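Since the structure comes first, as structure tokens, the remarks are kept for the end.
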Amino acid sequence: MIEHHFRVALHDTDAAGVLFFAHLFRHAHDAYEAMMARIGWPVDGLIRGRQIGLPLVHVEADFRRPLRHGDQVDVVIALKELGERRFSLTYGFFIGDQEVATALSVHVAIDPRTGKSQALPTSLISALSARSG
Amino acid sequence: MIEHHFRVALHDTDAAGVLFFAHLFRHAHDAYEAMMARIGWPVDGLIRGRQIGLPLVHVEADFRRPLRHGDQVDVVIALKELGERRFSLTYGFFIGDQEVATALSVHVAIDPRTGKSQALPTSLISALSARSG
Amino acid sequence: MIEHHFRVALHDTDAAGVLFFAHLFRHAHDAYEAMMARIGWPVDGLIRGRQIGLPLVHVEADFRRPLRHGDQVDVVIALKELGERRFSLTYGFFIGDQEVATALSVHVAIDPRTGKSQALPTSLISALSARSG
Amino acid sequence: MIEHHFRVALHDTDAAGVLFFAHLFRHAHDAYEAMMARIGWPVDGLIRGRQIGLPLVHVEADFRRPLRHGDQVDVVIALKELGERRFSLTYGFFIGDQEVATALSVHVAIDPRTGKSQALPTSLISALSARSG
């Protein structure tokens, strides 16, 4: 399922004429925010609620071909792993049918007041599971 | 006319809990790119064509109230001035009916190979004028 | 006085080969943070203290010539206006002796818990005044 | 060897009060640019020269503890692998003696005019090797 679409903007590119790699993560996070909102766990609500935080502990990305100014890109997210206290997501970036980049994010559940690890809420586990089809 | 819509993303905000001001200009430029594409002058095409550049020589913004994570924002652009070698645009940022910020950009036409000022192409003047109706 | 120095990084530039204008404000704010730390009012302390906020209500910038990847830039700040509830700063961006861009920021004092305007603390007024000499 | 130092700026943080993860890569790239300049291969010169490009094909990062506004961070780079057509670098981010994050970048040599893979210049291999001592 396509979570997010973006057009590579001028500010995404650098003097080498292609998307500056770190901006791919900004777009990945936009797709993550769109997905979380769709499953009923909007990230802005999480941060304001201060009951649970889901910080990233690991991210990675692979770049297969350069993304250029004006490219229309679809972002697809899949659930990779779902544990009691963490989950990971994979991101595919597509221009038409061609997957031009991939990314991975690993999130852990913490108590935002203490920074300590905590269990993922059952309802979030259910919502994420439903996503993995 | 609404040129562009965005949701304030986590990466737009800062530790004070509101949109970091400089990111407003990123969104203004996204709206500018959307408008230029609609009137047949996509910015990526301009940069690749190397016949004309339209760099910013002046920008400004006024912030009436803070933008927060998750806010849904519409961007409206109006042509303010149109000269032989330059034009300026105003941007209104709306949350619902409330204008929360405004911006202004002044662009000059240059020859990208020399950096020298040049006249705006007649067809671009017409396209921009049609926008001001 | 030079508050801040930076080298134009690859991520500052765009496909047109020059600094993307909005990034100038990121560097202006870095210079502002450096100045505030030097006069004893570090911005991170302000935000954590939650006694006073100094949000921007207006910013502007003028670009005299493009900044390119690798350029070494000095940022000079001067106090422009200092009122009971607000102050403004001007920024000069220099490559060697040449001023390539200028910026302006207007800050108002607010109570961060209510968002309401408040008077600038006397000690901050003194610290800023000392800067304008 | 410390290649680069930065203070976590307001614009590095997000509404959760910590560095937004993608900005770590911006700082990693600043450290990479500093290192390349020191070994005589400044990235801006590479891009302008158009003889060789060194795009990233893979990056990753691990976050051990949050970075906060005002934190003073040292970045250390080590050469991890050096092949005929690619090399990888590891980055350590330190606050005092504590390593708070790590990153990895994998670069391939390409001909920027065709995008095709090419061998790393011998002199760059030597310069990078000298770094790994």
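Each chain gets a letter, A, B, C and D, in the order it is written, and its residues are counted from 1.
Please note the rule applied: contacts are C-beta pairs under 8 Å (C-beta built on N, C-alpha and C of every residue); 3 or more make two chains touch, one makes a residue touch a chain.
Treat the numbers as computed from the prediction; the structure is a model and nothing was measured.
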- Please give the intersection of the contact partners of subunit A with those of subunit D. B, C
- Query: A-B or B-C: which has the larger count of contacting C-beta pairs?
  - Reply: B-C
- Residue-number overlap at the subunit C/subunit D interface, same or different (half cut): same
- Item | Gap in Å, rounded to a whole number, between the CA centres of subunit C and subunit A | 32
- Query: What whole-number Å value describes the gap between the mean CA coordinates of subunit A and subunit B?
  - Reply: 27
- Query: Taking each chain's centre as the mean position of its Cα atoms, how many Å separate subunit B from subunit C?
  - Reply: 22
- Among subunit D residues, those touching two or more other chains are 10-11, 15-16, 18, 20, 22, 26, 29, 44, 47, 68-69
- Where on subunit B is subunit D touching in the complex? 10-11, 13-18, 20, 22, 68-69
- Hey, which residues of subunit A end up touching subunit D in the complex? 15-16, 18, 20-23, 25-26, 29, 44, 47, 53, 55-66, 112, 115
- Message: Help me check something: in the complex, which residues belonging to subunit C touch subunit D?
- Response: 7, 9-11, 26, 29-30, 33, 42-45, 47-48, 68-70
